[in-house]
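Sharing a structure here in structure tokens format.
The first chain written gets the first letter, and so on, giving A, B, C and D; residue counts start at 1 in each chain.
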Amino acid sequence: MQGTNLNEHIRGSLEILVESADELRDLDQALGDGDLGITITAGSHAVVAELEKLSPTATPTEIARTCAKAFASANPSTMAALVAGALLNGSRTWEGKDEIGLAEATEFVTAAASSISQRGKSEVGDKTILDGIAAVAEALRTSSDSTEATDAAVRAAGRAVEETAGLQSRRGRASWLQERSIGLPDPGATAFQRLVEAWSRVSAATH
Amino acid sequence: MKKIINKPEDFVDEFVEGILLAHPDLVKTPGDDLRVLVRADAPLTGKVGIVTGGGSGHLPLFKGYVGKGLCSGVAIGNVFSSPSSDQIFEATKAVDGGAGVLYLYGNYGGDVFNFDLAGDLAELEGIETRTVLGRDDVASQPKDRRLDRRGVAGIFFAYKAAGAAAERGDSLDQVAAVAEDVVDHTATMGVGLAPTILPTTGRPSFELPDGEMEIGIGIHGEPGSRRGPLETADEIADHVVGALLEDLGLGEGARVAVLVNGLGATPLEELYLLYRRTHQILAERGIEIVRPYVGEYATSLEMAGASISLLELDDARLQLLDAPALSPFFQER
Amino acid sequence: MKKIINKPEDFVDEFVEGILLAHPDLVKTPGDDLRVLVRADAPLTGKVGIVTGGGSGHLPLFKGYVGKGLCSGVAIGNVFSSPSSDQIFEATKAVDGGAGVLYLYGNYGGDVFNFDLAGDLAELEGIETRTVLGRDDVASQPKDRRLDRRGVAGIFFAYKAAGAAAERGDSLDQVAAVAEDVVDHTATMGVGLAPTILPTTGRPSFELPDGEMEIGIGIHGEPGSRRGPLETADEIADHVVGALLEDLGLGEGARVAVLVNGLGATPLEELYLLYRRTHQILAERGIEIVRPYVGEYATSLEMAGASISLLELDDARLQLLDAPALSPFFQER
Amino acid sequence: MQGTNLNEHIRGSLEILVESADELRDLDQALGDGDLGITITAGSHAVVAELEKLSPTATPTEIARTCAKAFASANPSTMAALVAGALLNGSRTWEGKDEIGLAEATEFVTAAASSISQRGKSEVGDKTILDGIAAVAEALRTSSDSTEATDAAVRAAGRAVEETAGLQSRRGRASWLQERSIGLPDPGATAFQRLVEAWSRVSAATH
């Protein structure tokens, strides 16, 4: 996948992702402050707007950085800052690359996970978006082609979310609820699952 | 929802505009963004800048502590949510006088991640930054996890001391060390009696059955260490001050500054009841209150409740506390 | 009842004790009665004393305005009820420096009768007194009955000006004339959004259906000029400021001081929304805000609501407003 | 009636009066702030305590002034200050007198009424305690002996209270209620009625 395709693919996915805004708002209302729906909607719209303005010759790295900057400021929040940092870190792995394949995707997602873990001082099992991203990084790493990888990513993201439901939140606002956080899936991980699913739907439509 | 507001989504921009209209001699916006406020004389060449920030709804925190001898600038988030890294970065540039910038704010995830991101941007432009986090809420984590504690009203002491240090010309490392030292010797605990209603959602910030209180509540209504029946003012002070003294390890001969802070709806009269008992407890233990502060220093919109903070004093800290300061909400002379 | 108190009947004595413990450098009790508070350096020989007083529950009113450049003493009643004539008389004796004493307080029946009685007692002891009543609440009576209006937050201006006049050595007649002049040029109107709960009875101070507000509410929850659906901040400011301008007869070229006052539970953020709109309205009409005051200056325990006061300024009034003052709750330098 | 009798008569009346405390509290709660019950109870107890300490040789004037001072401070309020002022003014009419008969009582109550009217800037018909006091002053003035006077006073005080119920309050806290004050009797006038009734019961018992 080259720059223009990547740009379109992201925009297509985000247009699907925003349909989950209410679900994410409700989850974040139960475990946090309820703004995740706004973060996702405002952030996605800001990214789409900036990507539309981007030149067709923009490199994958430039595309990822554009996404990061637009998402960071749309609705300032934990998710906005962590995701922006993750995208910036991922974008470094694409430096000098024009073509994004499975290997590049794997590197990107792995770098994203490591940024979130570092910035968020979080580990897998803390019941955060990291649980989903780490699981998807692993699924990509163990897949042999893009189609297989997409399906594996969808399954891994979903399984990670299911697992978060049984866990106690150890990071962010949800951690203040202590034991009361057990039982509900993590909003951030769910947002990531919906993104991966949207990505896969766009993939299916373009093949 | 019993609020004097216009459109909920305009709430933050409008009250910031009100502050700017009322105090043009003290604060200004460096650019077009109402969410970035700096002292009117910023930047001060050769002096360390101090940028704070966080969610709205806590006046006089954070915007109220931008002024002479206090913070140099603030980035302003929506109600109870973080400002963006861009806004923090803009504040950073506007207050940088060439001696670097201290980020001094409360330890909340969203704020930390956005300040860190802003610090990266500042670094790219050659502005040196340091970060010191307010983390005085003893109820939010046990002592062995004190670095993870939330920051609440006690950050006022850090603003006052770091601001005075910056004003007298300390280096970035020195100002950061002053802030860190004050944070290390500050402890706060609050009680919540009734929630605030968030202007955007119209929902209460937490649920509390009638006749109960949350001991150790956070400044956004975060659950505290326990919930129980509402106690008398004296009982509340006994519990809170007892916990603070233990946490700071203070005993006979110690000198402290005390901050009895109202969370919004609690009348000043009730704060003085808490102060009275605090004074009695400390006197009994041979601890001297050298500086008392009673009033609203960090609120949570119209939440009912109060917090008590102690700062252990030594001569250096006391001198910084007594240094002159002037902002729209605080003055010391 | 969500209150941080001990025994309701000890409420007043205990918070006064708290004030005395916190500010021994600024205020003192002349005798044993905690209900009489005077500035720490009282009496000032040769200077006019100013005694105020009224019910409790209005902090920083009245106790908060005892200090340098403000009132000299205060007699403190139970919540929302008058002090006794004895207490007023005791305050009078404690602040009398031989130049006479001005009684300056809000126009409420119980207070007036008790101050009058105290004035008789003072006269018997050869202390000359004058009385000036705060009567700034335009909603409480139409303009032709302005002498019967209630006194609310705007009395702050009279304290500030009369206190400055006494401090510079004006005679009793002159200090009284200054106070009268300021009262004559002050107008206030408030809105109530939710009642306070009286600590003694546990009952709300007034009833207000959800979603309604009382326009022109008094400081104890007295009914105002009308009740209607809760309006936006801008609409409230439009109505209130419009009424004040009309009452004072102010137009283009006038200069004013503005006081946006919170009644207790209303967040400072909301007060700045009101200030913002007030500023806009006055700017549109060519009226200059020379001094803005935004905060809690006269409350009603945890009542939700706010008031706006205007004082028409001339050079003399402005100079008195800007004179130095220092009390536990207010400073001007 | 001489000093000692007067002293006893007042104390006896006040001991009866306090039984009306709840009624007065409720009335003042409806039209004012509800403290009139406390004012009457605390004031009566304070007066009784001071009268008990008074020398048997105290003059009527001294007795009345003692009542005034004790009542003024027990529970500071409108009623406390107005009644204290009224008693002080009344006491002046007794200067130099040892024996209190109908003429002296009439003078006293008339002076009390005029003090309240002056201090309170109130007139008959404003729906205040003045309505009761003025009516009783008139009843005394038109009676020919003490027994007749006592009965007339009780009737006049009761009629005045009934009339206040139909009026709108023009003074004090109740006036803030404007039209809403119509329908209920005035608390202060009711307190005065209960005092006159108590006085009459003590008179009947001692005759």
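Heads up, the rule we're going with is that a contact is a pair of C-beta atoms (placed from the backbone, for glycine too) under 8 Å apart; a residue touches a chain by one contact, two chains touch by 3 or more.
By chain, with names taken from UniProt: A, D = Dihydroxyacetone kinase subunit L; B, C = Dihydroxyacetone kinase subunit DhaK.
What you see is a predicted model; the values in this text were computed from it and never measured.
Engineer: Ignoring subunit C, what connected groups of chains are left?
Structural biologist: When subunit C drops out of the picture, the chain contacts leave these groups behind: A, B | D.
Engineer: Comparing centres built from CA atoms, which chain ends up most distant from subunit C?
Structural biologist: A
Engineer: I'd like to verify one number: the distance from the centre of subunit B to the centre of subunit D, where each centre is the average of its C-alpha atoms, in whole angstrom.
Structural biologist: Here subunit B and subunit D have centroids separated by 57 Å.
Engineer: Roughly how many whole angstrom separate the Cα centroids of subunit A and subunit B?
Structural biologist: Computed value for the inter-centroid distance: 33 Å.
Engineer: So the centre of each chain is just the mean of its C-alpha atoms; given that, what is the distance between subunit A and subunit D in Å?
Structural biologist: Taking the mean C-alpha position of each chain, the two centres sit 81 Å apart.
Engineer: Which pairs of chains touch each other in this structure?
Structural biologist: A-B, B-C, C-D
Engineer: Along subunit B, where are the residues that touch subunit C in the complex?
Structural biologist: Answer in residue numbers: 2-6, 11, 14-19, 21-23, 56-57, 59-60, 191, 193-194, 230, 232-234, 236, 264-276, 279, 292, 294, 296, 299, 301-302, 304-306, 331, 333.
Engineer: Report the residues of subunit D in contact with subunit C in the complex, numbered from low to high.
Structural biologist: 33-35, 72-73, 75-78, 80-82, 84-85, 119-120, 171-173, 176-178
Engineer: Within the complex, which stretch of subunit B touches subunit A?
Structural biologist: Subunit B reaches subunit A through residues 77-78, 80-87, 109-110, 113-114, 116-117, 140, 201, 203, 218, 220, 222-223.
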